[in-house]
Every structure is written in C-alpha cells, then in structure tokens.
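The next part holds the structures, each set out as structure tokens.
Okay, so chain A shows up in both of these, paired with chain B first and chain C after.
Here is the complex of A and B:
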C-alpha cells in the first residue's frame, strides 16, 4: 500500500492522526447514510413499479377506447370535439429533502373554467360513446401520472446520490483510511528508529567517555 | 309526373352505384397484411384517382375527405331538389361552425379541421364568425349560433356550443324534410334522432349526470319525447329495451343494450344503429324514381368511407382482423 509522501516528523504525525480520525468518522457517517438511502430507495422503487403498472394498464385502456372512437369518427369531427378543453391545469413545484436528496414534489392544480363540473367538452349527438370512456380514463389517470413522474424522478435522483455516496465510502474505506494508517505507521516506525539510533549513539558516547576516565 | 325530374339523377346514380366497393373487396382489405396492402386494394377501385395523389399512408384521411367532397359535388350537380340533398350537408356546415366558433374563442386558427363539403362555403362562414354577423345563415342555424355565442360569453363552456348547434342541426334537417313533404326523410331523421337520444341517455347514465343535462342535450323531432327518457333515467336499462319492444328498431336497442351491459362499451350499439339507418336507406334501391336512390348512394359512400377508415386505423395499429370485422358496417351493394 502506498503511503503518503510526507516528512516523517512528529508534527506530521499528529496531523495525520487527526486526519485519520476524521476519515474514520466520515466513513461511518457516510456508510450510515448509504444504508438509509438504500432502504428508502428500495421502498421508492417498489412504489414506482406498482404505480407504473397501474398507469400503464389504465393508459392502454384509454388508448384502446380512443382508438375505437378514432376509427368511428372522422379526424376533423374528433378533433373539433376535443379542441376546446374544459379544464386548465397547472403544476406547482416544490422540493422535499430526503437524506440530502432534493426530490421534487409535483402538485397538479385543476381549474374549471365553467360552472357545472364535467370533463366532457363536446356534445353528445355527433360523437361516439367510446370517446367518453377514453376521456374519463385519461382524466382519472392524470393524477397517477403526476405521482408517477414525481416518484420516478425521486428514484433517479436517489440512485445518483447513492452512487455518489458509495463512491465516497469506497474511497474512504479502501484508499484514504489504509493510506493514512500506513503513513502513520511509517512515521511512527521512522521516529522510533531515530529514537533507537539516538539512544545507541548516546550509549556509545557514554561508553567512550567512561573509557577515557 | 313530378317523379320525372329524378330521371336523369337516378340514372346517373345507378351507374355510379356499380363502382361502390363490394363485399369481396372489403374482405380483401380486412385480410390485408398491413396498411400498404389496403391501399393496393383501393388502387383497383374508384379511389385510385385520389390515392395516387397521396403523399404517404398517414395521408389517407385527406383522401377520404376528398372522396366525400367529390360525392357531394356529384349529388349536388344531379339533384333536382337541392334543398333535400342539402339536408345531408348541414352536418358539415355545423361542424365548420363549431370549429370556427371554438377557434375564435380560443384565439387560434384551426383551418385544417374545416371540411370543404358543407353547403355554405368555408370562406363565407369564416367571415361570418369573424364579424359575428350571422344574418345570412338559415334562421334556425342563426338562432342557434347566436344562442351559443351569447351563452358562451356568460359561461365559457365549450360543450354548450356543441349541444346548442347539434340541436339546431337536427331541427334544421327535420324541418327542411318536413317543408318538402318528404316522408321518407322525415322518417329517417326522426329514427336517427331517437337512436341518438337513446344513446345519449345511456351515456348520461354512465357519466352520472342528471335530468337537467338530459334536458339540455335532448333532441326534439324524434318520436320518443323527453318525458319518456326522463322517466327512464333512473330505471335499469332492461326496462328501456322492454318499453321499446314495439318499435321497428327494438332489435338495435335490445342487442346494443345487452352488449353495453356486458362490456360497458357502446360500440355495438353504434354499429347496430348505423346499420339500421342504413337499412332504411337501402330500401331506396328499389324505388325507381325519387330522392331515395340519391340518399342511398350518399349514405353508401359515407358508410364506405367509414369502413375504410376503420380498416386503415385497425391495420395501422395492428388490431386483429376479427376485431376490425366486428366494428364494420354493412355494405350497400
């Protein structure tokens, strides 16, 4: 294992020891964060999968209805029927902090621009009944789609965060900490060696001085 | 003697009738592997002319509207009683009016959605909507458009435009038929209105909207009145088919309702009512001289266009042949 390129002095040693302590503490914290993130992430992914399946099933149904309506009515009539929407929607965006991940929160705001509620913007006489089904199922799936978007984005952001944390944890665990330990050991040994050398020299000097007298 | 004026028109129509698609052609189209093959079959028919101008498969919609326009042009040309044949054009006028009104309220231009088929030129309609000056329209239509515009300014509900104008459309059609004393057309229109009202009622039930709404969309000029539907709105649909069992279209209602209860889809009902109306018209084939063969040809052509559209949409979306066949309407020939 490579050690850091430092002067083997006592000052460096204290510095390094401090750094080692911080690294170990950081490692522990990050490891905890990673575990927690992982737990949340798995929950989120499971939720994502469920939602996606529901949304996809509902969308398929809606499109199927729509397709039939499309086949029975001419394109001009169909487009005329749905060209003027009865509702206006806007999206409100805020963020929530999950384990330092800024995940989005989407809120759908529906504005009805007419008095009596109802999502059908067309008259009944010239339109096909299949269109009702398509419109209502699309209307119902809308909320879920927004939720799905939110969950899916959160999952993506979390995955990225997990990856980043893992890289950090690994860097600390397999590079930083061993390196620091190695270096601390090297300096300690070097210092000890110096100490021993000194002692031997001192003993030798004492001996010579003793011989002379 | 008055029947003599139909002499030329009917002869010409009879000649054109032979060029309609027959069952075997349609069968071949259903069996075709993909949309290109369908087009190939169409090449062998009367459609060849418009198809060769097509820029791609997705363009089939324009071909179809061109064909419809062509048919109406022929009918207008040969018809000795344009008032009667115009009845079938009103729906396009109303469609254009709806589109223009909605576009103007949205502040958009949607000229692509207009059809050139109507009895009133599109350009003229456009000016009318722009100037909000409808005095050149037929009084019934004018009344409706003005009502729609006034209503929309109070409560911006696009549905209102559709509802009011649909009502006018059928009133106008029925009145025109009545004025010209065509019992055949009056019969045809009132049956159509009845079937639409039945369908509307079923849809209103499904939407969960109440009597108030039924009253708004109800089309008069049918043979069943509002009280009839109003009473049935809270009853189960079985009672509806029971009550209508004396009508000539009771089979449509019975089967349509049964299928609706099973699948929650009105497709079958719509198909059956189209077929029923078409059957009424088909009788025109055996009338030697009169308005009937003209109407028959017109409906046959519209029906044909519907069939082609269903097949094309089906083929482009890879829907199994049986499903396509289920939705197809009868053929005239």
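Here is the complex of A and C:
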C-alpha cells in the first residue's frame, strides 16, 4: 500500500492521526447512511414495480377502450369533441427529504372551468357511449400515473444517491484509511528508529567519556 | 409554490384521450421533434412528462439526461399497441445502479 509523501516528523504524525480519526468517523457515518438508503430504496422500488404493473395494465385497457371509441366515430367528430377540455389539471410539487435525497411529492389538482360539467368536455348528441367509457377509464388511471411518476422519480434519485454514497464509502474504506494507517505506521517507525539511534549514540559517548577518565 | 403542468408525448392515436382530461398533449411520431419537445418542456414548468415507449426507445440519451434532476420526471407509458417492457427495464436498471445486482426481478423468476 502506498503511503503518503510526508516528512516523518512528530507534527505530521499528530495531523495524520487526526485525519485518520476523521476519516474513520466519516466512513462509519456514510456506511450507516448507505445502509438506511438501501433499505428505503428496496421498499420504494418494490412499490414502483407494483405500481408500474398496475398502471401499464390499466393504461393498456384504457387505450383499447379509446381505440374502440375511435373506431365507431369519425375522427373529425372525436377530435372536435375533446378539443376543448372542461377541466384543467395542474400539479403541486413539494419536496421531501429522504436521507438527503430530495424527492418530489406530486399532488394532482383538478380545476373545473364550468360547474357540474363532469369529465366530458362535449355534448352527448354527436358522440358515442364508447368515448365516455374510454375517458372515464383514462381518468381513473390518471391518479395512479401521477403516483407512479412520483415513486419512479424518487427511485431514480435514490439510486443515484446510493451510487454516490457507495463510491465515497469505498474510497474511504479501501484507499484513504489504509493509506493513513500505513503512513502513521511509517512515521512511528521512523521516529522510534531515530530514538533508538539517539540512545545508542548517547551510550557510546558516555562510554568514550568514561574510558578517558 | 409553483403550479406545475403535465405533458404527454406520443403518437396521436394513443394519447389523444389525455386531452379530454386537460393534460397538455404533444402528438408527434418524429424522434427529433420529440427530443426537442422534451427539452422545451423541461424548461417550461412541466413536472411530469409521460412519453410512449415507442418513442422513448429512440430517445434514451434525452431521457437519461433528466434522470438526475428533480423535474421533470419522465415516465414511460405503453401506447395503444401494448407495452414493450421498457418501463420495467428502467426500474430494473435503477435497481442495478443502486445495488449492483438485480435483486427484484431475478429472484422471482419474472
């Protein structure tokens, strides 16, 4: 393992020991964060999968209904019928912090332009019953789609965060900390060696001085 | 707090119905136009963009570029010819990205 390129002095040693302590603390904290994120992510992604299955099934059904509606009506009439929607939907977006991941919370808000107009933006004279059914089924799947959007986005963001955290944890665990330990060891050895050398020299000097008298 | 909007991009036959619900609909079959539309919508207060898998198949890069930002959430939906399984693949890839192995789909044998 490569050690850091530093002078083997007592001051460096103190600094390095401090750095090592910080690195270890950081590593522990990040590891905890990673574990917790992972736990949350697995729950979330399960939910994501279930929701997606439901939405895909329902949406396919809704599209089928719509296809039938198109088949029984001429496309001009149909387009005219839904050209001007009665309701306006918008989204309210707030964020929730899950383990430092800012995840979106989406809320669907429907505003009706006219009172009691219902979902249908058209009169009932020229359109077929199939279209009503198709629009109702789309309407029903809409809430779930928004929920899916929220969950799926959260999953994507969490995945990114986990990846980032894992990289940091690994960098600390396999590079930073071993390097610091190695360097601390090197400096301690060097200092000890100096100490021993010094002692031997002193003993030698004493011997020489003793011989002379 | 801002009010955000919802958009649907896809072939006209599939997504026309969403217009009745008051969602912004952008019918297109052209890949480059769809890509441009996504970039435009992303700047323009759209929090959720639904896009059909048929289009998304060719737009991987565009969609990936928004994966890491909070808005917009680009969500794949099947079109009227059924699902291609791309949406599920997206979920799977985020699992693999996070955990390094596929634990959700592999084990259950789906």
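Please note the rule applied: the second predicted complex is superposed on the first by the 212 of 213 C-alpha atoms of A that agree within 3 Å, B and C clash if a C-alpha of one lies under 4 Å from a C-alpha of the other, contacts with A are read in each partner's own complex, and residues count from 1 in each chain.
What we mean here is this: a contact is a pair of C-beta atoms (placed from the backbone, for glycine too) under 8 Å apart; a residue touches a chain by one contact, two chains touch by 3 or more.
Since the structure is predicted, the reported quantities are computational estimates derived from the model, not experimental observations.
Undergrad: Which partner does A:72 reach: the first (chain B), the second (chain C), both, or neither?
TA: first
Undergrad: In the superposed model, which partner reaches more residues of chain A, chain B or chain C?
TA: C
Undergrad: Quick check for you: in the superposed arrangement, does A:132 touch first (chain B), second (chain C), both or neither?
TA: first
Undergrad: So in the superposed three-chain picture, is A:4 touching just chain B, just chain C, both, or none of them (first/second/both/neither)?
TA: Touch partners of A:4: none, neither chain B nor chain C.
Undergrad: Of the partners chain B and chain C, which touch A:177 in the superposed model: first, second, both, neither?
TA: A:177: touches no partner chain.
Undergrad: Considering each complex separately, which residues of chain A are in contact with chain B in the first and with chain C in the second?
TA: 67, 70, 79, 83, 85-86, 120-121
Undergrad: Tell me, which parts of chain A touch chain C in their complex?
TA: 38, 41-42, 45-46, 48-49, 52, 55-56, 59-60, 62-64, 66-67, 70, 78-79, 82-83, 85-95, 102, 104, 106, 109-110, 119-121, 134-135, 138-139, 142, 145-146, 148-150, 152-153, 155-160, 162-163
Undergrad: Would you mind writing out the residues of chain A in touch with chain B in their complex?
TA: Chain A reaches chain B through residues 65, 67-68, 70-72, 74-77, 79-81, 83-86, 113-116, 118, 120-126, 128-130, 132-133, 136.
Undergrad: Note which residues of chain C are touching chain A in the complex, please.
TA: Interface residues on the chain C side: 1-6, 13-14, 16-23, 47-48, 50, 67-68, 70-71, 73, 75, 77-80, 82-83, 87-88, 90-91, 94-95, 97-99, 103-105.
Undergrad: Under the touch definition given earlier, write down the residues of chain B that touch chain A in their complex.
TA: The touching residues are 61, 64-65, 91, 95, 98-99, 102-103, 105-106, 110, 113-115, 155-159, 161-163, 165-167, 169-170, 196, 199-200, 202-204, 206-207, 209, 217, 219, 264-267, 269-270, 305-306, 309-310, 313-314, 317, 319, 327.
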